[in-house]
Amino acid sequence: MDLSHTPEDEEFRARLRAWLATALPVLPPPPDPADWPARRARDLGWQRALYDAGYGELHWDASPTTRLIFLEETEAAGAPYVGANFVGLLHAGPTIAAEGTDGQRRRWLPPILRGEEVWCQGFSEPGAGSDLASLRTRARRDGDHYVVDGSKIWTSHAEVADWCELLVRTDPDAPRHRGISWLAMPMDAPGVTVRPLRTLAGSAEFAEVFLDGVRIPVANRVGAENDGWRVTMVTLSFERGTAFVGEVVACRRVLRELAAAARRDGRWDDAVLRRRLGRLNAEFLALWRLTQWNVSEAAAGGGVPGVGGSVFKLRYSHARQDLYDAAADVLGPGALDLDSPWVLDRLSSLSYTIAAGTSQIQRTIVAERMLGLPRGR
Amino acid sequence: MDLSHTPEDEEFRARLRAWLATALPVLPPPPDPADWPARRARDLGWQRALYDAGYGELHWDASPTTRLIFLEETEAAGAPYVGANFVGLLHAGPTIAAEGTDGQRRRWLPPILRGEEVWCQGFSEPGAGSDLASLRTRARRDGDHYVVDGSKIWTSHAEVADWCELLVRTDPDAPRHRGISWLAMPMDAPGVTVRPLRTLAGSAEFAEVFLDGVRIPVANRVGAENDGWRVTMVTLSFERGTAFVGEVVACRRVLRELAAAARRDGRWDDAVLRRRLGRLNAEFLALWRLTQWNVSEAAAGGGVPGVGGSVFKLRYSHARQDLYDAAADVLGPGALDLDSPWVLDRLSSLSYTIAAGTSQIQRTIVAERMLGLPRGR
Amino acid sequence: MRFQLTEDQTALRRATRDLLERRFGERERRAAAGGGSLDRALWRTLGDAGFFALCLPERDGGVGLGFPEAVLVFEEAGRALLTGPLIATLRAAGEVPGAASGETVVAAADGWTVEWLAAADVARPDTADAVAVRSVDPLTPLHRVARAARVDPVAVLLTAAEQLGTAVRVCELAVQHARTREQFGRPIGAFQAVQHLCAGLLVRAETARAAVYAAAVTGARTDIAAARLLADEAAVDGARDCLQVHGGMGFTWESEVHLHLKRAWVRAGRGGGGAAAEEALAAALTA
Amino acid sequence: MRFQLTEDQTALRRATRDLLERRFGERERRAAAGGGSLDRALWRTLGDAGFFALCLPERDGGVGLGFPEAVLVFEEAGRALLTGPLIATLRAAGEVPGAASGETVVAAADGWTVEWLAAADVARPDTADAVAVRSVDPLTPLHRVARAARVDPVAVLLTAAEQLGTAVRVCELAVQHARTREQFGRPIGAFQAVQHLCAGLLVRAETARAAVYAAAVTGARTDIAAARLLADEAAVDGARDCLQVHGGMGFTWESEVHLHLKRAWVRAGRGGGGAAAEEALAAALTA
């Protein structure tokens, strides 16, 4: 058991920290959240700056411990997170890196790392949420193209994306999990329609994507035909694994901000609130240690996080909701004001027990795959 | 909506209260909890006193509102609860009253009401707990007798019982729920062996009962042969319905005792504890109101409580555990001392989410029977 | 003791539900959530129906009913997500001219906030220093005041009734969705995890119902305090669990679910929040 | 950063588990629960194995290992329900003659209680006024002291390790039972309600593990405070849920489950309980 880093890693941390101190002050201020092109431009610009400084591929092409330090330091410094590059850097990119051909890697990975192309995710469908394998978007083969019809939902950044990692059904007669393929779809292809989807937080981070006879080259398929489910599981294990490192660091900062706010306005004298914040401090400290544990396991085991990510995601998504409920307690009547800090984050925290596998689904995964309990049905 | 009682009911309350003031001081003190014959004698004596004073059959042969007042007043006065008469008064008795023949009612009900005979319950088996319908205790017909082989568990007061309400399988080939019958078994019949079962509370309230070729007259069957499941459901609905009225009154008294204890030793200054007790006060006040609601519904609807009892039992069993956890907080280190007040009750409260249908089973009942959700499996 | 509703009470509830379904259905609710102003015609319809004059004695031109009836009506208002300063206007009936009839819309500071201040004709008590905030609930415009207003126990009771309405409604919505939404080849309501979420929704709603109705009957402070705690819990936790049952489908702006959660949050903040009720109930234990 | 166990640490854990299975298995545990006294022979075996001298420097005749190793050993002790004043004796090693070797049994006041006072050869600090109580845990005799003893952070850390052991063990027990117990024609572990209870057990245990191991590595006060809160929760709530999974079968005196719950309660009371840790962690947020 060792939580210290190698001299090389500590040197990396020092260099990164120094670079952040120069790079962040010249970063343009965050644009209006509703201005998608401006957000895209800023996020890509930051990715380009990271790339130019040699930090471009830390999201997947580094040792897990180096990546941990990268996320820890960038978040602590208040640097932007992946933003519009989210799917490219954390989902599609790692999947292409692990499962794509050399040609596919050469075509798609550099533009992601250089901040030139934005990806979005076309997995969920109105009728296929928790039960992703029931997806119905259909791809028929027509020569060296697939012709795709169907619709996708909860596609983030779709309005400004260049590519979509798309799950389609290529064999409707095969068992559910066996007839799915993974395609890279250009978002400007004829037949693609994007309709923004307003969430309960009032924002339009997501969209519905309608596909009407969209032609996608067969060469854009990553992995074998009908092997898309396995390819997808690789992607999802990333999502459930270490994708939340930066968020845990951020939550710990929010907790300190809450304590400071409570101290300022006298609510700190309320023992119920104070001890609640103390308990949340324990919670997020433990989540940070669990993150380190998972990263350390990944470093030892080869990089792809295992089902252990479900344990983390379960605990974290509820802790995050508890954190923002505590924030509402600190805010008092201010919790009803969308302009108060933390209020929009509280709203979006509501999705954490639902998105990327509901808590119910995660518990079943833990029970059946980690604990070996018999399959329910 | 009216929570006031009729003048007749209030007059009943006044009479009962006056009688309790004279009857309780002459009641012998509680015996050693391990002395079963002495406990039986005291419990039967109290039932006899109630009977002689005209209160003997209030547990089932009175209007629900009168019974509510009876339970409220006896508990408030610190009178003993049903004790060894538990099964006779609250399970077997009401079942015989509802489902028995005239002859059966004449044979078994008066001795229960007069405090002459004690009943125990032979439902659960080692292999049939939540899934009661899977019970395997077998009854073969032999002339005008059944010959019974098998074993029962969680039989309370078995050592001092005269009769056992026994569920047996009379048709092993029928669907599970269709081959069960309800028998009244004399506990002194040859082939009945009782082995006390020590619980985690250290006490032996329960026993295992082994049945080896026990001969029971066919005339002791209540309800039709193989119709025992329906008969049982009548009994269980009593158990889950209003059987807890006295306990809610008692819990509210415990809550006041906790507050008084906390005030005495300074823990009252701890806002976390104090507000926790305040919230429990709301909880048990609501449970009292829910009890009144259920009783009022029963009074309007004919007496047999419906599945609504599951709502009450679910909420109450968890509230009771919360109450005794709060008691542990009030006690501080005293919570580790079996001689402190409330500690043994805390231990026995652990069974509340398990006995008479686990919380998991109750939630399924609520979901499927009250909310009409599709049957899971 | 006949705790259940009388026939008149059942009829009153039915009539209120019918009126609200007719006049404040999904269409009107969506329009309001889009940022609409107070619907004055609806307000007068409510006034004509006796909504605001419910508890006003008949000699003062009121309907002359008691808190039990008011609680039933406000449960329906909560269920329907009815908008406007309903409680403030009802409490002003008989004191502010036109309030009882729905001609005058009255806003009132309650705890740290005032709802619907800009839309109101009269505001009480003093709300001169009130500052507009961007309300988390798209159906409830909010202002904030600098000093907490005195808490009105009747407003607390009626708020609890509204929360009960939300609790009942989100249980219905969850059950409807669980019955019809299919995943893994069957309705999600056939999965125990979903079944048990729904069971929890019903248990909380029914427990809150008993507490709220009893508080209406007795009018006692401890009963009201208990009712508010139970009803806040049933509404807020209920809306959360309803959202969980709906999954992504409940996360869209078009869904009704988030409106219940946000309204439940707004109501839970009335009267300065629930901590005072906890303290009062603790104090009552040693009284 | 290599947070996982080294090979030596894995071997130490394995050896400890083997020793305890051999010397404190179900038979010995049942005997102890029947009211047995401290097993002096076992105590000396533990001493010979270096159990009490673990953290004592080699120059003082100790094993010279660190807190990470001690935490692994005490996790196993917790898992096995090992009896006796283990932590007090370990902390006395090097100060009280014979403690390190298991010759001398040392009891110590911790918070408001002393465990195993009557069986001990030495008691510290002053326990003259200690009064025997009838312990809720049949495996842990208790005395109570009049003034709370000073809290030893190392004892808190090792207690958290024991709680972790309980959390891991009750998860195992619940899963074993859920796999084998059949109701409604299949193992109860095929029901989501039971599956999800078991999943919760694992999540709490694994979160506590990360916190406890990290606290052992850093030795920092906030890490130790967090470890105790998480481990107390994982042990107490875990034992409760394990009992729920077992149903009636876990409610008998013969079952192992209640012993874990009762021991978890005893340990959660050490160091005066968890409230101080919550306050310390709150204070750390504004430091």
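All chains are identified by letter, namely A, B, C and D, in their written order; residue positions are counted from 1 within each chain.
The definition used in the following text is that a residue touches a chain if its C-beta (ideal position, glycine included) is under 8 Å from a C-beta of that chain, and two chains touch if they have at least 3 such contacts.
Because the structure is predicted, anything quoted here is derived from the model rather than measured.
Trainee: Report which interface contains more C-beta contacts, comparing B-D against B-C.
Mentor: When B-C is set beside B-D, the one with more contacts is B-C.
Trainee: With chain centres taken as the means of their Cα atoms, state the distance from subunit A to subunit C in Å.
Mentor: 37
Trainee: Calculate how many whole Å lie between the centre of subunit A and the centre of subunit D, each centre taken as the average of the chain's C-alpha atoms.
Mentor: 38
Trainee: Where in subunit B do residues touch two or more of the other chains?
Mentor: Only 270, 272, 275, 360, 363-364, 376-377 qualify.
Trainee: For subunit C, jot down the residues that touch at least 2 other chains.
Mentor: Answer for subunit C, listing residues that touch two or more other chains: 191-194, 196, 275.
Trainee: May I ask you to sort the chain touch graph into line, ring, star, complete or other?
Mentor: Topology of touching chains reads as complete, every chain touching all others.
Trainee: Using the touch definition from the top, list the residues of subunit B that touch subunit D in their complex.
Mentor: Counting only subunit B, the residues touching subunit D are 124, 127-131, 134, 153-154, 197-200, 202, 270, 272, 328, 332-339, 343, 347, 350-351, 353-355, 358-360, 363-364, 376.
Trainee: So in the complex, which bits of subunit D are touching subunit C?
Mentor: 191-193, 196
Trainee: Across the complex, what residues on subunit A touch subunit B?
Mentor: Contact set of subunit A toward subunit B: 270-272, 275, 377.
Trainee: Under the touch definition given earlier, write down the residues of subunit C that touch subunit B in their complex.
Mentor: Contact set of subunit C toward subunit B: 1-6, 9, 68, 171, 175, 178-179, 186-187, 189-192, 194-196, 198-200, 202-203, 206-211, 213-214, 216-218, 222-223, 225-227, 229-230, 275, 277-286.
Trainee: Would you pull the subunit B residues touching subunit C in the complex into a rising list?
Mentor: Listed in rising order, the residues are 1-6, 9, 65, 68, 255-256, 258-260, 263, 268, 274-275, 277-279, 281-283, 285-287, 289-290, 292-293, 295-297, 299-300, 308, 311, 314-315, 360, 362-364, 366-368, 370-377.
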